[in-house]
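As structure tokens, here come the structures.
In the two complexes that follow, chain A is the common piece, with chain B as its partner first and chain C second.
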Partner chain A sequence: MADAVLFEFLHTEMVAELWARDPDPGSGGKKKSLSVLEGLGFRVGQALGERLPRETLAFREELDALKFLCKDLWAAMFQKHMDGLRTNHQGTYVLQDNSFPLLITMGSGSQYLEEAPKFLAFTCGLLCGALHTLGFQSLVTASVAALPACKSLGSPQV
Partner chain B sequence: MSRQANRGTESKKMSSELFTLTYGALVTQLCKDYENDEDVNKQLDRMGYNIGVRLIEDFLARSNVGRCHDFRETADVIAKVAFKMYLGITPSITNWSPAGDEFSLILENNPLVDFVELPDSHSSLIYSNLLCGVLRGALEMVQMAVEAKFVQDTLKGDGVTEIRMRFIRRIEDNLPAGEE
Partner chain C sequence: MADAVLFEFLHTEMVAELWARDPDPGSGGKKKSLSVLEGLGFRVGQALGERLPRETLAFREELDALKFLCKDLWAAMFQKHMDGLRTNHQGTYVLQDNSFPLLITMGSGSQYLEEAPKFLAFTCGLLCGALHTLGFQSLVTASVAALPACKSLGSPQV
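== the complex of A and B ==
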């Protein structure tokens, strides 16, 4: 069983690696790196979802699937639950984590806000991939107002 | 078995798979980005090195092992403490060189390669090369220059996975000029 900390170390190195290799310093290159990270996350999220036992996958409602993401999946990834889940009951969900482990090492406050997106891309992709396996097409975006808290906005559509 | 207990095991399994699946996705991406396996191998080694130089702090903080007095002690700590802590396996230590500066770590199973198959087009890829970089980087931080390389790999049809570790030299601390 791989220790949980290995994922964090690997993630940090992955972000550094994919970012450093970017020859185009303008926003075009940045977008490409972000989408590569998202794509990696998506594939991993899909694979994780596919490995879950059948009964876990039988969510009757969208909200159950989101709760699973917030509790089980988040706990598996970061050894903690998501701090908040809100919905507008019209297909949009806001998942809030007040101390997102992949951002914690960057300190707190607004000093490194610009750097935050690259540390969220993989996880957004992962949530999207997991939702996809659970039967939902979705759009997941993340925002950071002040480190290390972040919000993911998910709009699953069956 | 209560549902709670099932959920706990499920969580641990997912956590472990998260790392191996992420690693697999990374290797796949590197294979797309680089034209040949040798370059991918180098990247994996370099990334492993960067991870190793930081992982050693986590290891020292959590394991409470003291300073190793020789390479044999180092080998024991690597196999019985470090591998166990991070990958949940205990490789065996064999094939010591007469001078005591080389040994092999034998991994009966390598958690990184669960569900992995190497396509023929990537026969030179050292899939788990990150591990060699990690070992090299971590040991450098405790003043040991070593070389680590795979000499057997179950992905390539060998019966076991074998990493050969070679002690190169002790890294002396560099004193600033003027101090003795």
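== the complex of A and C ==
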């Protein structure tokens, strides 16, 4: 019935609540709300990472860890795989999802593009937290060119 | 892997975040945070309710709606059924879960009992929101005598 969407609904409401609560509606307030969402995501990603099977935690290669996120973690979160994973072989990875579930409920017009970052911050933090548990420090950012597709840029460093 | 716990982890972090953000640490602030969580739960419950199959929405009897919550909704949320449903046949229902997943991560000592309400508010709101979509106005409260068991008291009114 509704199990797969429970997380998505809660995520949507949480974003709305944090946004509405922010006493500073300017860009400073937005940045703070985004970093709160990232922090929440990071802790959830860490907690998920700690439940991984032991052999998963022994990834030596960045690429294996990234493949794991794109396949297993994405399947657990969104019941599908990431659509693309590319790398420049210098420690930067581009993860592409052509139909990101946390953006699907938004309208797809370009006028909504500026609203997109708040629906991406939690997941950026989550990827970063999961990588942290796997033994990689990383920077993860996200960009949207056309809704509901999104790209995550990850730069893990051991 | 981690799909069933994703919602639980997000819920835990959201409760912690809302609690930490509250500028008023006294009982007034607590009440406000609880009602924020209830409101979030209500909207998620409504949204879940709107995804129900059409025939489910045609419940005429309160008891059928309550049975649906205890069985189908609980299974979708927590992969199990509620442990008990009792009624006084005068519009009050007691729903019992002997091992409520959102309380399991807490310690089970009685010293944690006073922390329990913040982990119940979202779900009370959610039950209320789902009942609302099913056509019943209700009051839902929760109580805990021994962790991690909890009782919800629902009084639906058409």
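Simple rule for what comes next: the second predicted complex is superposed on the first by the 155 of 158 C-alpha atoms of A that agree within 3 Å, B and C clash if a C-alpha of one lies under 4 Å from a C-alpha of the other, contacts with A are read in each partner's own complex, and residues count from 1 in each chain.
By definition in this document, contacts are C-beta pairs under 8 Å (C-beta built on N, C-alpha and C of every residue); 3 or more make two chains touch, one makes a residue touch a chain.
None of these values were measured; they are calculated from a predicted model.
Of the two partner chains, chain B and chain C are each touched by A:Glu17. Contacts of A:Leu153 after superposition on the shared chain: neither chain B nor chain C is touched. Of the two partner chains placed by superposition, A:Val94 touches none, neither chain B nor chain C. In the superposed pair of complexes, A:Leu63 makes contact with neither chain B nor chain C. Once chain A of one complex is fitted onto chain A of the other, the partner contacts of A:Ala76 extend to both chain B and chain C. When the two complexes are overlaid on their common chain A, residue A:Leu113 makes contact with neither chain B nor chain C. Where the contact sets of chain A with chain B and with chain C meet, they give residues 1-3, 5-7, 9-11, 13-14, 17-18, 21, 36, 40, 43-44, 47-48, 51-52, 72-73, 75-77, 79. The residues of chain A lying in touch with chain B in their complex are 1-7, 9-11, 13-14, 16-18, 21, 36, 40, 43-44, 47-48, 51-53, 56, 72-73, 75-77, 79, 122. Across the complex, chain A is touched by residues 7, 10-23, 25-26, 29, 33, 43, 47, 50-51, 54-55, 58, 85-88, 111 of chain B.
On the side of chain C, the complex with chain A involves touching residues 1-3, 5-7, 9-11, 13-14, 17-18, 21, 36, 40, 43-44, 47-48, 51-52, 72-73, 75-77, 79.
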